[in-house]
Amino acid sequence: MATTGSGAAAPASHATSIGWTRADMARRVARDIGRGWTVNLGIGIPTLVADHLPAERCVTLHSENGILGVGPKPESDPDPWIINAGKEVVTVVPGASYIHHADSFAIIRGGHIDLSVMGAFEVASNGDLANWATDLNRAPAVGGAMDLAVGARKLWVMMEHVTRAGEPRLVAACRYPLTASAVVTRVYTDLATLDVTPDGFVALEMAPGLSLEALQSRTGTPVRSPSE
Amino acid sequence: MATTGSGAAAPASHATSIGWTRADMARRVARDIGRGWTVNLGIGIPTLVADHLPAERCVTLHSENGILGVGPKPESDPDPWIINAGKEVVTVVPGASYIHHADSFAIIRGGHIDLSVMGAFEVASNGDLANWATDLNRAPAVGGAMDLAVGARKLWVMMEHVTRAGEPRLVAACRYPLTASAVVTRVYTDLATLDVTPDGFVALEMAPGLSLEALQSRTGTPVRSPSE
Amino acid sequence: MLAQCGGYVPLGYRGAGCMTVSAGATDLPPSIGRARFCTDIGEALAGVRDAMSVMIGGFGAVGQPDALIEGLIDTGVTDLTIIANNAGAGRIGLARLLELGRVRRVICSYPRSPGSVVFEELYEAGNIELEIVPQGTLSERMRAAGAGIPAFFTPTAAGTSIAEGKEVRRFNGRECILETALHADLALIEAWHADAAGNLTYRASGRNFNPVMATAAELVVAQVHHVERNGFLNPEAVVTPGLFVDRIIEIGA
Amino acid sequence: MLAQCGGYVPLGYRGAGCMTVSAGATDLPPSIGRARFCTDIGEALAGVRDAMSVMIGGFGAVGQPDALIEGLIDTGVTDLTIIANNAGAGRIGLARLLELGRVRRVICSYPRSPGSVVFEELYEAGNIELEIVPQGTLSERMRAAGAGIPAFFTPTAAGTSIAEGKEVRRFNGRECILETALHADLALIEAWHADAAGNLTYRASGRNFNPVMATAAELVVAQVHHVERNGFLNPEAVVTPGLFVDRIIEIGA
C-alpha cells in the first residue's frame, strides 16, 4: 500500500453536508475493481475498499512489505509477524505468498499490479500526482508511493475533493512536490468520480444533489461532464 | 560451471611425456581451494577437481543452472531433475539449495562465488581469457563463461599447456575472441602452475623434470620464476 | 531422499469476504486468481500468433515445457523469435520447431551443444538469425523486463565481440556495457506444483529459467506436473506467485 | 494455521567426500559453510568500526534485528551511515542509536512515521544527513549491489525532486533516471530458521528487506530465532543461501 505522508489522509469530518461518506467512496471504488485483479490499497481511505470486495471477485491484495493475498484483520490470535504496509496486524488468505522487498517492488515496478489506489494532496488535470510531501524542508517520507505511481497498471486516487481550508485538490498544476507525472487515471472524491482524460477531468458521477456548477466551484481546473 | 566451447577441453593424450596427468592437475587445484569457499567448476578438466576436495574443507559447489551444493554423481537411483551445467545427472548434498537462473547469476555476477575454475583456449600474460569461440563465423556458444569470468572473486584456468599442434596457449595477446579482459589470476597446466602478475606469468611450480627453459619454449610469452 | 517442497494448508476461504474453494479428487479447482486452468493444450495456447517472441524455459531437457512446445508446433504459427538458453537437440521439440522453418530468430546463450544439428545446419546455411547473449545477461535482461528496469550496466562481455555497438561506461574503474530489458509476447514454462491461486513451485534444477521468464512475458502459460486439489502451497515456499501466471495445464508426473 | 516453512532432511553427509555433521540437542551445529555460529552478540559484531555503512533489516518492527541493534549500540561505534526503510521509533533500538549521536547519515524511504521523534528532532536541528530513496528504488539498488549491476535506469522518481542531479534518459517514450548500486559494509538482518550450512528462512512479513540486504553487504550478520540442530532446511524452501551469511547468532523465538 502507498506509504504516503500522513497529510494525504482525508480530514475526519466533511466540510460540506453534500457528498458521499468514506464508506460510500470505498464501495464505489470496489465496484470498479475487476475479477482476478491484484490490487494495492494505500494507507488511509483506500484501505476501506477491502471491506467492500465480494469474495467471488477473487481480488488479491498486495502489501508492498511482502504479502500477496492480504486478508482481513484477525478476529482472534493475531500473528504479529503478519503486518501490512500501514504496520497493522492483518491475516493472509489461503493462496497467499510471502515475498521479499526486492521481489515485491519488482512486482510493482514491473507492471504486475493491476491497480494501485492511493490518497493524495493534489491531482492535476494531466494526471500529475502529489501525495508525498508538502514541504521538502521538513523531513520527507516517500515510502513506496513513487514506485506504485509509475508501476501500477492503473492508478486511482481517493481523496476529499477540497482541503480542510476549502482549497481545491483537483488542480491545473500541482503546487506540492510531485510523486509522479501523468499517472493518475481516475479520482474518487466525496463529491464526484472523475476520469483523467487528454482533455482534463471528466465527472463520471456526482454526489446526489450536487450540480456540475457546484462541483466546478470546488475544483481548481475545468471539469466537464461526459456528454460534453 | 563454465559452459565453454568444446574446444576448451584438453586433448585426450599428452603431447609430451613430461608433465602432470589431469588427475594431478585436479589434485593440485583442489589443494589451493580454501575452507568454506563457494566454487564453480567448469565443464571438462575442472570438473575433476571435485573428486579431490576433502569433506572437511566444506567447499560448496555451485552449478549455474541453479544448484548450490552439488554432490557427486549418484551411485544408484539417479534423479533426472538434478543436473549440473554440463547436463550430467548429479546429486545434492545436505545443506544445498535450489535457485532460479536470475538468482544464480546474481550470485555469480555479484561477486559471491569465491572461485571459478575454467578451461581455456588461451590466456594472455595480462590475464585476458579466450575460451568461448575460435571462429565467430560458426555459431558461437558462450553460456555462462563471460559472467563467471567477470563475476567470480578468483578465476583460475586449467588447461593443457600447448595445443594439439604444439602451439602455446599462454600468450602475449589472445588471438581468439576474448571472453573477458584481465580476469585470470592463476593457470594450472600439465607443465606448470603459474600466477598472472603485473609482470606477466610467474611459474610457481613446474612438472618434475621440466626446466624453466623447456617451459619457456612451450610458452608464447615470457615466464619468470618466483625468485626473479 | 529430500522432503517434498512446501507444506499445504487446508482448503478454505479466500478474499476479503469468504468463498469456499472445493473440488473433487479429480476435478481441477476453480481458479481464484489470474491464472485459468485449461483442460487441453489447444486451450492453453489459444491466441498464439505468427511473429510472436516466445520464451521457453528449461536448461537442456530439465524444466523444459515439452508438451507446450509440441502444442506450439501443432498451432502452425511461424516467423517466431525464440528466447531460450539452448537451441534444441535432436529432431524433436524445439529442434523440430526450427526444422519446420517456424523460427526466424533465436536469442540464447548456448545454441551449439551435443545434438544441436538442426540449429547448426540452419545457421550455417544462413537460414536463421542468432543473437548470442551471455547466460547471466540473458537472465538479467529477463529479470529487468519483469522488474520494470528498461536498461542496466554490466561488466559482463565488456571488451568482447558481444559488446560491439553497445554503450560503454566505466563504474569504479571497471568497463561496463549497457544492456536492455528483454520482454516476450509469450512464455512457455514448466513447473512442478500449482495451486488454485496459480502459485507455482518447481522441482530441483527444473527451476532454472522458468520463474524469471514468468515475469517477463505478456502471456504466461505453465505446464505443471501436479495441480494441488486439496489445499494451497505453503506461502513461505511459493516460487512464482499466481499473479504472474495466465494459464495452467496439468501434464502429470 | 499455516504449515511451517520447509521440511527438513536428516543430518548426514556433505561435501564431495563425507563428513558427519552431528550436534547435541542444545549445542550449535558445526558450521559447514561460510557462516560461523556465534555464542554471543559481541562475537557476532566483532570488528565493527566507526564510519561504517550499516544496513538494518525490517519493516517497522517486524523482521528488525533488535538484539543486533542493541549490540551495535554497545560497541560504541559512531559516525555511522544507516541504510534502512525507517529511521526508528520511540527512544529504543535504532532511535536510541540516533539519539546517542552515533549516526551521521540515514538512507531510507520513510523516516517520518508515528513515533519517529528522535529522527525528526535531529533532522530539524540539522544534526543528521538524510538521503530519501523511494522504497522500490532502495530495494532495487540493494539488489543491484548484490547482483553486480553498477547502475540501472528506472522511471520511479523521474520528474520529481528526487531526480535532481541524476542522469535522465527516455526509454520507449518514458522518462527514466539512472540509479546506482547501494552497498554497505555491514548488514544486520533477522531470520527465522538457520541450518548448519547457513541457509536461512524468514517468517511471514518478517522477510521484507532482510534477504536483499544479505546480498549487498561486505559482512552479513544474522540473528535467527532457531538454529536447526537435527537436519537441514529443505533446499526448495531456502530463501537466503548460506553463502551470503558470515555470522549467525541464535536469539530464540
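Quick notes on this one:
As written, the chains take the letters A, B, C and D, and residue 1 is the first residue of each chain.
The criterion applied here is as follows: contacts are C-beta pairs under 8 Å (C-beta built on N, C-alpha and C of every residue); 3 or more make two chains touch, one makes a residue touch a chain.
What you see is a predicted model, and the numbers here were worked out from it, not measured in a lab.
Contact with subunit B and subunit C alike is made by D.
Distance from subunit B peaks, on a Cα-centroid basis, for A.
Across the two candidate interfaces, A-D and A-C, the one carrying more C-beta contacts is A-D.
With centres defined as mean CA coordinates, subunit C is found 34 Å away from subunit A. Centroids built from CA atoms put subunit B at 55 Å from subunit A. Of all residues in subunit B, those touching 2 or more other chains are 92, 98-99, 105-106, 108-109, 150-151, listed in ascending order. For subunit D, the set of residues that touch two or more other chains comprises 2, 9, 140, 143, 147-149, 154-155, 202-204, 235-236. Chain pairs recorded as touching, per the definition above, are A-C, A-D, B-C, B-D, C-D. Subunit B meets subunit C in the complex at residues 3, 5, 63-67, 79-85, 87, 92, 98-102, 104-106, 108-109, 133, 136, 138-147, 150-151, 177-181. On the subunit C side of its complex with subunit B, the touching residues are 2, 59-62, 85, 109-113, 119-120, 123-124, 130, 132-137, 139-140, 142-143, 154-162, 175, 202-212, 239. Across the complex, subunit C meets subunit D through its residues 1-9, 140, 144, 147-155, 171-172, 174, 176, 180, 201-204, 234-237.
Those residues of subunit D whose C-beta lies close enough to touch subunit B in the complex are 9-19, 21, 31-34, 143, 145-149, 195-197, 199, 215, 231-233, 235-236, 238, 241-244. Considering their complex, residues 36, 38, 50-62, 68-69, 71-72, 92-99, 105-112, 150-151 of subunit B touch subunit D.
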